[in-house]
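What follows is chain A paired twice: with chain B in the first complex and chain C in the second.
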Partner chain A sequence: MNHSKPRAPVDRRRFLNLVGLAGAGAGAVAAGVRPAAAGATPDPDIVNIPGWTQSLGAGVNNHPYGIPSPFEKDVVRREVTWLTASSESSVSFTPLYALDGIITPNGLCFVRHHGGEAEIDPARHRFMIHGMVDKPLVFTMEDIKRMPGRTNRAYFLECAANSGMEWRGAQLNGCQYTHGMIHNVVYTGVPLRAFLEAAGVKPKGKWVLAEGADASAMTRSIPIEKAMDDCLVAWAMNGEALRPEQGYPLRLVVPGWEGNMWIKWLRRVEIGDQPWGQREETSKYTDLLADGRSRRFTFFMDAKSVVTNPSPQAPLRAKGPNVVSGIAWSGRGTITRVDVSLDGGKNWTTARIEGPALPRSMTRFYLDFDWNGQELLLQSRAMDDSGYLQPTKAELRAVRGENSIYHNNGIQTWLVRSNGEAENVEVS
Partner chain B sequence: MSRSARSCAIAGAFFLAFTAVAAADTVKLGRPALPEEIKAWDIDVRPDGLGLPEGKGSVTQGEELFQNNCAACHGEFGEGAGRWPVLAGGQGTLKSERPEKTIGSFWPYASTVFDYVHRAMPFGAAQTLQPDEVYAIVAYLLYLNDVVPEDYVLSKENFPKVELPNSANFYDDDRETTEKAFWNKNPCMKDCKAKVEITSHARVLDVTPDGAGENDKPAGAVE
Partner chain C sequence: MNHSKPRAPVDRRRFLNLVGLAGAGAGAVAAGVRPAAAGATPDPDIVNIPGWTQSLGAGVNNHPYGIPSPFEKDVVRREVTWLTASSESSVSFTPLYALDGIITPNGLCFVRHHGGEAEIDPARHRFMIHGMVDKPLVFTMEDIKRMPGRTNRAYFLECAANSGMEWRGAQLNGCQYTHGMIHNVVYTGVPLRAFLEAAGVKPKGKWVLAEGADASAMTRSIPIEKAMDDCLVAWAMNGEALRPEQGYPLRLVVPGWEGNMWIKWLRRVEIGDQPWGQREETSKYTDLLADGRSRRFTFFMDAKSVVTNPSPQAPLRAKGPNVVSGIAWSGRGTITRVDVSLDGGKNWTTARIEGPALPRSMTRFYLDFDWNGQELLLQSRAMDDSGYLQPTKAELRAVRGENSIYHNNGIQTWLVRSNGEAENVEVS
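Moving on, here comes the complex of A and B:
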């Protein structure tokens, strides 16, 4: 076995060594190819036979459920303990800086609970539909998995409070913290419409109340049009059962809308003729504006993007060819374009969208560039197929003030210093 | 009828029969919910009072229940202990730099207080309070927020008359109109600003965790 230490996300000593090496061969690095120096020492990682080549590795069932390499041990969800009074009503953050593509691994999907992680026996889980229906119904998990119309869809789930700590200025150093209340997985489930049609919604039924089975008994009111359109009652994510922390055995999927509405441990939907004015749509998830009044039912998550690399947890390590990588998403539709600025928004270059660009799903973009060691003010700006363009934070504050907590989709700036380290800043 | 038209008609009839069977199958999955089952789970209360159970409770009864079940986190007068939520006070602060959003200063409906306390409180012992106890605790919270007098008795009957001070100050999402300028298909690409200056640094605040917990709480924290 190899005895090297796993790499920390920002290992300062290793980082400085790399920058030092880059500096020593600056002329060659700028060209992107290092010529072999006369009398150079052969690389011991090539000329010596490592243990993993000589001795057998573990057998095929070493991990009946596989886990990442120990060298990736720092790629984990993280909590910011001062944010909340209790870990059971709190949030952890997806390590966006260490991920690529558009699918978030199940074990790294950020977690938001209000009453802790319920552990539910699927054989004892029930799903009820009642209220303004012809026939109130109860389903078991077995019933649900026999329903016709099974669907697979990739969607982002973004907490309404994602980037909420940044309303008054740059606060947290890392896209995991500033933008990590998001994940993007493929859900398997059945349209909520199928259950509503089975129960028979009465003509006066205009709102749906969805409720979870956990200790917060989370509830939200959802307009019937959305419930009938694209909401899913889902039991799988990325091909396997939902993780307990994501609502096992059943959750609601509400594409493009704020994460709070995606009720986990879904046990009940009631049909009514008015919204219910629940705690999570009055005290919380309402947006206070500067005039003292508040928006309610701000369901859509607007177009947003962030550069994940480089970023404060993922500095630039060498001059020469580098890749700006990032994600963009919109609750109103499909991302059509992402622009990147290296100079704080003075000039923009349209980035390359790579891989699937699906409606209401995370989308990956790249900009290949040559870094000569100059200071950068990195930004990204998303556009969706409704023509919505991601605004600056200043433009958002001009409309909303600084106290709306939720729905901060303003453009993020990373200052990349000449030593490659990056920092969360705001610019004029 | 031509041969092809008849086969179309037969195919159509078959198709109709098939879809009808599918719809019937859908209904066959699941079973009718019994009234007792609906009653056990349907505890939600609406602003118009729909869903309120029979019962009543006084401010005085609520004060005692609150001290025994709630004050350890929320303070004797709903002022909040440590980082636990503040439930009373904050009136007139919503336009200020640091608004204090409580039941009295911010919440639109008393029904939400009843529903939420009944469904999810006390934190860690949810759904242990009886309806009369919830009426009493809500009465005490309304008293702490200067909404009802000290001798008030809250009941299913007088509940819809209770009005919270901030109820008129919510309006439906209006981003499509007030943020119309954000829909811009032709944004500036070159020489968009004369100069760019850094106005705020995260590093200056230095509150990002690096493994250990941090106690320095900045603005806008989520709950």
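Moving on, here comes the complex of A and C:
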């Protein structure tokens, strides 16, 4: 037994100030137990044992499928109604400021539809492989679940347009809106390769087209190398069936690549010898440069990070010890390092990565720091195992201009004022 | 590009029988696309494009906090009402047969209450450290979230009574009931050690008592070595706030040890020089031996596994390729191997572990196999990195008798009949 074993060093004097035993901001003691020390401000709960201790609570099957505490009712996805013409082709953003760790709960994973949410009867759903194959095949959901090679992988899914409104400057006040088109779950599925091998791809097959069964019939072209590498045909997320808004009963998982390619309500994969040039890879999801030309097939989501706390929706509330928390991810591989700056990029401190750091998965970082009430210009920058370092927005704009909507992975800055409130800003 | 790169070998001939192109059990093709091959049974959906493709679905913020598909309405926790005197002190079981991967969705994590579900206002909740310390301390939830050393860890939580009704023979028909007092989530919290160090544990402090704020004031004694090692004071699970039935706003995480010690609604930790001898560690949660003596402080949950599919709630539905799926876990460390037997333990095949295999976390295994309709006696056995191999029930009973309720980690057997239905049995 070693009480002084160092792992999470704590400055005790600071904590006496943090907690209810040394004056300001303090006072109450644990409900229903005796006061911890003389001098603490009396709390009505010491006399009035709280209701939750006095009487029996709800039974064990209060909710056969559980729901969050009523005190968490504001932690929800939020739609920006002015962003698109209709709610059936819009976005509802993940509340990143209220989340922690690396798993996004299924109920809070951001939603992007192009023709609304298809509600599919899995017994009637079919998945077809056809085109340049030896033998076209059609699968029921039961067939798919009987396929050999099932696996489980944690992957981030980021919309190519995430942070897209920030190309021309700081626009939206909250990481839910600037960076909330991302989620990270563990998928269960079978490699797409297994289906392609079962059908027998002909030698001239170089591209696949994946198509959804929703009203938009979302279609994207994917190079055969990627299809044969790590794509999954997935039916479960975080242990349970896909949610309707995430493609129930079947979606394509395209690790590290832009979210639009992760076809929801997947109904067919066609093999061809060239890309199809669908709307979503020509008029959309191409990167318009300053000179009017467009970059096509910019599939990879490069290394990126954001500080989720503090941020505009989650201000600092007290001086003294505080935690900077954030997420980092890279479509090229594994996050190896995240640095945090408190002064707009002049000085950087390497943050702790806490929790599994898996390839193409969201990674959580923390920086414990002491806040004396000074203004902060808070930034983070991610590095992945390819050696790539997340660029500044200025560096990105120097190469691509400001016309693009997609693939903005520039460094985000939050101005934290001396009252703890935070704001989206840019530093030059 | 290498189309024959081996990872998930598929026998194509078998799949032609599996899918809709080679006769029985086949027929339909992907809705809304052309038939994949001549000879397929016409499907009305080819003519009648399904509704979900014909018209716009719901908008992106249909459910600000998402819910499962209506087609998954039977995937819920289930209570066994005859098990205890009241629902406020009972169990609601995880539907393991319907889940996959290693994450249990928060809404489906099993529930065990002793005084019902406390519904706590986090603004009024306090956490106290006191007893044999230099300085007792009281924390608000905000104080706790400002502590240095925050981390994220995936851990299984298993009730000591999981499989407890099986000591005297096969009783319950379904892994939801025989093994469903387990869940596995990623916790966010601060090491308990940080709080103990902040308070300053006196040299004679050898045990801690953790207490809940619910009506049962659940209390358990924990050795200081464990408290200083890997216990967490946690406020989030799978990225979001703890669910009310899992201890919102604060619970103790005691990795690898029996679930009863993971105090929910955690309000205080007291440091003492000996265990307290509370009800839950004397009359309950002790292991009654054949000779009438009881083993006390049997904290560890030893290596265990169960096949979740097929199982009584999830029969086999077709001959040919099938997947045996299951979970394994060990309170002593990391699962290194899982074997599966189709013949009641005579022959064993090592299964694939798929997905992260993390210490004291649920681990997923699969065995792809070909079913010709023969009867199966399906078993799994887990091994951990301490070298421990999961025992048979006969081996356990030879040592402990049949009086115990707790710590049954014996090998489970499912009889799978030639019609695919499965049943809980024991093999001698």
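The rule is short, and it goes like this: the second predicted complex is superposed on the first by the 385 of 428 C-alpha atoms of A that agree within 3 Å, B and C clash if a C-alpha of one lies under 4 Å from a C-alpha of the other, contacts with A are read in each partner's own complex, and residues count from 1 in each chain.
The rule is short, and it goes like this: contacts are C-beta pairs under 8 Å (C-beta built on N, C-alpha and C of every residue); 3 or more make two chains touch, one makes a residue touch a chain.
This is a predicted model, so every value here is computed, not measured.
Shared-chain residue A:Glu72: touches chain C; no touch with chain B. Judged by the touch definition given at the top, the superposed model places A:Ala85 against chain B, while chain C stays out of reach.
Once the two complexes are overlaid on the shared chain, A:Pro64 sits against chain C while remaining clear of chain B. Touch criterion not met for A:Thr392: it reaches neither chain B nor chain C.
When the two complexes are overlaid on their common chain A, residue A:Gly239 makes contact with chain C while staying clear of chain B.
Looking at the shared chain after the overlay, A:Ser418 reaches neither chain B nor chain C. In the superposition on chain A, A:Lys135 makes contact with both chain B and chain C. Look at A:Pro191: by the touch rule set out above, it reaches chain C but stays clear of chain B.
Looking at the shared chain after the overlay, A:Thr219 reaches chain B, while chain C stays out of its contact range.
Shared interface residues of chain A, touching chain B in one complex and chain C in the other, are 78-79, 86, 88, 91, 115, 128, 130, 135-139, 143, 146-148, 194, 197-198, 211, 215, 217, 267-268. Chain contact summary for the complex, chain B toward chain A: residues 22-23, 25-27, 29-33, 37-38, 41-42, 44-48, 73, 82-85, 94-95, 97, 99, 101, 103, 106-109, 111-112, 115-116, 119-120, 123-124, 126-127, 169-175, 178-179, 181-185, 187-193, 195-203, 205, 207-209, 213-223.
Those residues of chain A whose C-beta lies close enough to touch chain B in the complex are 78-86, 88-89, 91, 114-115, 128-131, 135-139, 143-144, 146-148, 161, 164-174, 177, 194-195, 197-198, 209, 211, 215-217, 219, 267-268, 270, 272, 274, 276-279, 282-284, 286, 288, 290-300, 302, 312, 339, 343-348, 377, 381, 383, 386-391, 395, 399, 402-403, 405, 415, 423-428.
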